[in-house]
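Below are two complexes that have chain A in common, paired first with chain B and then with chain C.
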Partner chain A sequence: MTATNAKVLSRYEIARHFRRSKSGLAGVAIILGLIGMSIYSTVAIPLESYRHWNSPNFWIDYPRSAAPSWVNIGLGPKIPEHTILHMKDATISSIEEGQLRAVVHSYALNFNYDYYPSDFMLLYSARYGSTQPVLQVNVVRPDGQDFMIYFASLPSSQQERNEFSARVFSTDRAIAENLRDYEGIFSYKQDSSRPEIMIFAEAQENKILKGQYVIRETFYLFDSQDSIEDSGIILGGKVYGLMGTDELRRDLAVGILWGAPIALFIGFTVSIAAVLIGLIYGVFAGYKGKHTDEGLMRVSDVFYSLPALPILIILSVTIGRSIFLITGFLVIFGWVSMAKVSRSLALQLKNMQYVEAAKLMGQSDTKIIFRHIIPQLLPLTFATIAIAVPGAILGEASLSFLGLGDPSIPTWGQILHDANSSSAASRGLWWWIAPPGIMIAITGLAFVLIGNALDSILNPRSRKI
Partner chain B sequence: MGGYGRFIAKRSINMIIVLFATLVLTVSLLGPTMDKILTDAIKFNVVEEITQKELQFSTLEERQTFIDNRVKDQITTFGLDEPWYAPKRFTNTVLKVMVLDLGKSNYLTSDSGSSNVRDIILEKLPKTVLLFTTATVIVTMIGLYLGAFVANRAGSIWDRLNSSFAVFSGSFPIWWVGMLMIFGFAFTYQIFPPHSTPQTSPSDPMYVFDLLYHMTLPLITMTLVGFGSWAFMVRYFVVGVLSEDYISAKRTIGIPEKRIVYSHALKNAAPPIITVIALSLASSFGGAITVEAVFGWPGLGRLFYDAIGFLDIPIIIGLTYVSTVVFIITVFVTDLMYAYFDPRVKVA
Partner chain C sequence: MDILLEVRNLRKYFPIKKSFRHLLQRSREVDFLKAVDDVSFILESGRVLVIAGESGSGKTTVARLVMRATNPDKGSIIFEGRDVTNYTGSQLKDFRTAVHMVYQDPYASLNPRMKIMDIVMEPLNIHDRASSKSEKVEKVIRALKDVRLEPAEEITNRLPQMLSGGQRQRVALARALVLSPRLIVADEPVSMLDVSVRGEILDLMQNLKEKFNISYIYITHDLSTARYVGDELAVMKDGKIVEIGPINRVLSDPYHEYTKNLINAIPEPDI
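Here is the complex of A and B:
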């Protein structure tokens, strides 16, 4: 912690030592990974999915509390994966007979799971005028059976050629009625009111029929100007995606990925701002000495003694909880320790001969502080910034965890808050709890590793012991 | 001795300034919200009063004027006609809280039904003290022995394992580890209750056991997260002492190594360690908020969390003030002790 140690090493030497520190390099690697995640999330994930994080309608196609899909890897029974197919996944063909057109969207679906799907949904979106198109849905099963499960005209449109979107649920009465015709195929009693089971069951034995299913959605259009904008099928499963989903059907992978740039932003902004403020404040106090020092140190004592989390909570409740405000609040509590350290170092440095010489040459105080004292403390400053990052990230995460974070964006703390308020832990929804916490810990760990590596280079005493 | 007296005086003044500043800050932050809540409550009470007394009015306007007048009257009696920052009200609030006259809460009550903020805090305080003191004692015991153990083997595999564990465990948010523990030991293996509020009533003879049973999971969590960094810190101080000359002297005269490490070195490293114990206990309120929120432990942190939910301003101000007082007095006492034992501190 002494200035003389910090002075001996040149920038080049610090870099050389750092390259030899395994833990420091590991920290850098983790941070590069996080930056990669941030870039990926800004480029690959549509911005709207993060803006819509808290709007339930956006996530309606997703399953509720689904585990990650990789739980199926292994020998255990395979849990059906939640599948969302849209027009782009379909093979489209079209037959024309005069005015009448039949547009066929067929979806191929491999069903090799050991449980029945929980439900399914048929989606469509069509543009038509006064004559309503007719929708027919067939399911061709792996055993060759062709079930016509739905045949009905789309709802009448009041206006000229508006786009009409709707979804047919597996609980629809029309599906059950159509399926009743096929009950005879089964050698045992099948219940046509549970289509998600009947469609996926074997005819001879009461078990799941595995293999490739083809779902054919045929639209009969009666006007040459009518068109099909979208179609699709959602097969309800219990596992989904890389990270699963939460109680509100949100894709946790989106939240985890978007949490990275936000955490890095908070960590860097808070620690850099707080440490720089503390550095200048402390050096100024130490250099000026006497009453200035006394007064400034009393002020920093006040900040040191304030209970940080309670005051942070009060601030976010009364002033606001946007991410920028929270960043500012965290700075208020972050600068004090650096101020204390840099003050004591400035006390030593100001008696160095070159500082006295500069003073005798009539250089202004500001110039001496910024040209002669602060540059000596820069290595220490970088180490302190790195060590201060986890505190900032944890601070924001704790606030978010208590439900006092920025409500408009997903942060790791907030995901954990939602998990805790839905008592995810006592319900066993581990995929909702583990990843955000691991991300918080890894991010913090990376900066601590770098900070410790820098610190042990700058303070050989702590390296030795 | 004159130097020591001046030191105490300076520190005392300092302490009072800090307390005052905290209080002024808290009151200024919460003042506007407090006024709004109180005015709303008065309006609500007046309308309630009309329905209860079944007062009849010939016109709607008459009713409205009656309400307005009643509200105005009550606002004057409560002194709310002046804003919270009016000198009289402001000094009044600050001075009252300073002497621990914390007033009445808006919504929350103690289990015995009192809405006196002091009663509520005194009722919850023992729970937080119980949980956090026990945790600190356990963590300190493990930390002391583990720290001294690895200090004696600085650079060994044990030492490196301990250092990595300290860095690693320090990175995890304690409330997250708490959630994992609930998942592991309340869901997967149903050993402990997921919610730590005891079900039996305090008068029941089994209450103590029920309380201890409910306390186990939070306790294990805090120990797991805490002991690594404690051992690391103890190691740091002990290694410092072990490199002193008088220890080498003891070695040369043949005092057994075990005795040197666990008795002499640990004893000499005690002052900074005791300081850290005192400060961590005094500042445990901040940690209590998140830990008690996860486990539902009925202590001060939980009370603060609930008070934030209900915006129960008197409780928020009271708790913030009390926790600051505890922290500052601890800092003060440890400073004095340090100065007494180590005269160099006074000069610096």
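Here is the complex of A and C:
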């Protein structure tokens, strides 16, 4: 009778057609990948890292604007990788002589790079009372030289038996002073005030000494109740991790990974809510007809004619920027097109004989809408939801890019905004710009592929011949 | 015989939509299509009234008026002694338990996404609040057996597209029957079916009439099936009943020219 009735496809038929569509399957594969990323990021990456996204202290151990570590693959000069070692990476031994104990944490470090490290840090965390332990740090170089670079007692504790954590920077004056004793080893002028170069330089020639270094942190404890809670060493490099870091030392891999569940959340929530609201609104208008229809459609015209982005900007500036508010704002502008489509289909469907039959057996309008009309529109609804997801993700990304997104969580748009405000593009920090951009594009593409595949199955007019 | 339904001076005009040019040229005059114009008839309980006529004669509009699908411009519908013309709300809902409709196209009158069980149970879910779920299931199966759909239990799980046209029309009849109505309005119930199953459906309707004391308004353009089921015959043309009477009298001795033309149009088998 009408176009909508011409082809009623069962769920199984739709699934069968969908399996034949290569682009649809590609879209599903991408989305499964994104869901995998989401699960990985919630399970493997501690929740803290995303909560502390904006707290500089959390990222203090990380390098500033480091490139991804895989840039070292290939023939070019090797850039030193930022290395963070903690107690669990050390070989621990301890010697006891009466009351005195010496706890040795030794770290083995392979240094085979073509540039000097930018700096280094020694970390410790100890629990002690009134008798301060003494820390001694030695570096055993690949050429057999043993540099004692640090020998000092830990700061005196004010309270009774407290855990005390601190770090010794490579710029510490004590290190420079200790290193002055070793300047004679070098056959050329070596500057002890730049320990990160002196320690890693060859004795005969002014070049880098490659090979295995052993850094030994020895703690001398004078009380049997004192203990070492943690130690560590950070070697400052210019490359780090899978995705590098940004200007504020944040690990971009964490941001990109956490962006996936957030983007999927925004995309799905906005599109499902908007499409369902539009569906019910449109079907109600179309089914009721007459003045109801006229009134509802004029209201939707108002929403249709509002310029979305300027108003979104105003809303997020005046009302708030939390991710849930932004989701709501995006829904406000997302439901109108579905309302128009479903209204026109409801106009056709309400003249179907089974709808009139239901009306004449006394069925209520609400039940007719939900039992007889909306089920016919469900396939269309799913296709529209899939197609609406990228719009929602892009909407959030553009708001975030303009600096109006939720600042407390890492979204891809937020990362792009940070990159832009640090002028990452002109400084050549490509790893800060490309991954979030690519992720937004891929996610959008996946949903468009699925939506188009569903649309061509469900909408006979656009089906390929 | 007691009177089940009486229709008095029923009138329904549809305004004809005019083009924009018409609107400019002429003033506010509105043209009407006289779909139903001063129609009156009486239907006695347990009898079958056939309304015959060419397409556009207004017979389906009469059916829709009797069903209270649209409101008449004038006239009244009296069902079991009560004027139902202006019923609304719960009164109208009560009226809907007693009167049901069977449509011409069994492919369009059943929701393609609902199982037969849900289709036939829908009227029960609306009106029969007293029965439990299992009692309703039982009633559905009994109705399907009444219309001779076997095996009824298995058919309840099917979708309409798994049934033939004749079977679908039986489902539509079962849906009309399940609330034990007093009047079924059948709008050309067999004209879309194969000739081979028409007789079965008409037989079934006859049986149900005798078994449950149901009255029918049977709408058709085909006088050959009218004779088979009907007691009374009303012939309609351009919204008016031109001739009404006992079916055998009208068919054997028509006095209106139009009735004669219709009778002559019945194809006679050449043997």
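What to note about this one:
In this section, the second predicted complex is superposed on the first by the 458 of 465 C-alpha atoms of A that agree within 3 Å, B and C clash if a C-alpha of one lies under 4 Å from a C-alpha of the other, contacts with A are read in each partner's own complex, and residues count from 1 in each chain.
One rule holds in what follows: a contact is a pair of C-beta atoms (placed from the backbone, for glycine too) under 8 Å apart; a residue touches a chain by one contact, two chains touch by 3 or more.
Since the model is a prediction, treat every value here as computed from it, not as a measurement.
Touched residues of chain A, counted separately for chain B and chain C, are more numerous for B.
In the superposed model, A:A392 lies in contact with neither chain B nor chain C. By the touch criterion stated above, A:I457 is placed in contact with neither chain B nor chain C. When both complexes are overlaid on chain A, the residue A:V103 reaches neither chain B nor chain C. When both complexes are overlaid on chain A, the residue A:M352 reaches chain C alone and has no touch with chain B.
Contact with neither chain B nor chain C is seen for A:A274 once the two complexes are overlaid on the shared chain.
When the two structures are aligned on the shared chain, A:G428 is found in touch with chain B, with no touch to chain C. In the superposition on chain A, A:I440 makes contact with chain B only, while chain C stays out of contact range. After overlaying the two complexes on the shared chain, residue contacts for A:P310 are found with chain B alone; chain C is out of touch. Interface of chain B with chain A (complex): residues 14, 17-18, 21-22, 25-26, 29-30, 32-33, 154, 167-168, 170-173, 175-177, 179-180, 182-183, 186-188, 194-195, 236, 239-240, 243, 283, 285-287, 289-290, 293-294, 304-305, 308, 311, 316, 319-320, 323-324, 327-328, 331.
Chain contact summary for the complex, chain A toward chain C: residues 1, 5, 8, 10, 352-354, 356-364, 371-372, 375-376.
In the complex of the two chains, the chain C residues touching chain A come out as 67-69, 92-93, 96-97, 100-101, 103, 105, 108-114, 122-123, 126-127, 159, 161, 172, 175. Residues 298, 301-302, 305-311, 313-315, 317-319, 390, 394, 397-398, 401-402, 404, 416, 419-420, 423-428, 430, 433-434, 436-437, 440-442, 444-445, 448-449, 452, 465 of chain A touch chain B in their complex.
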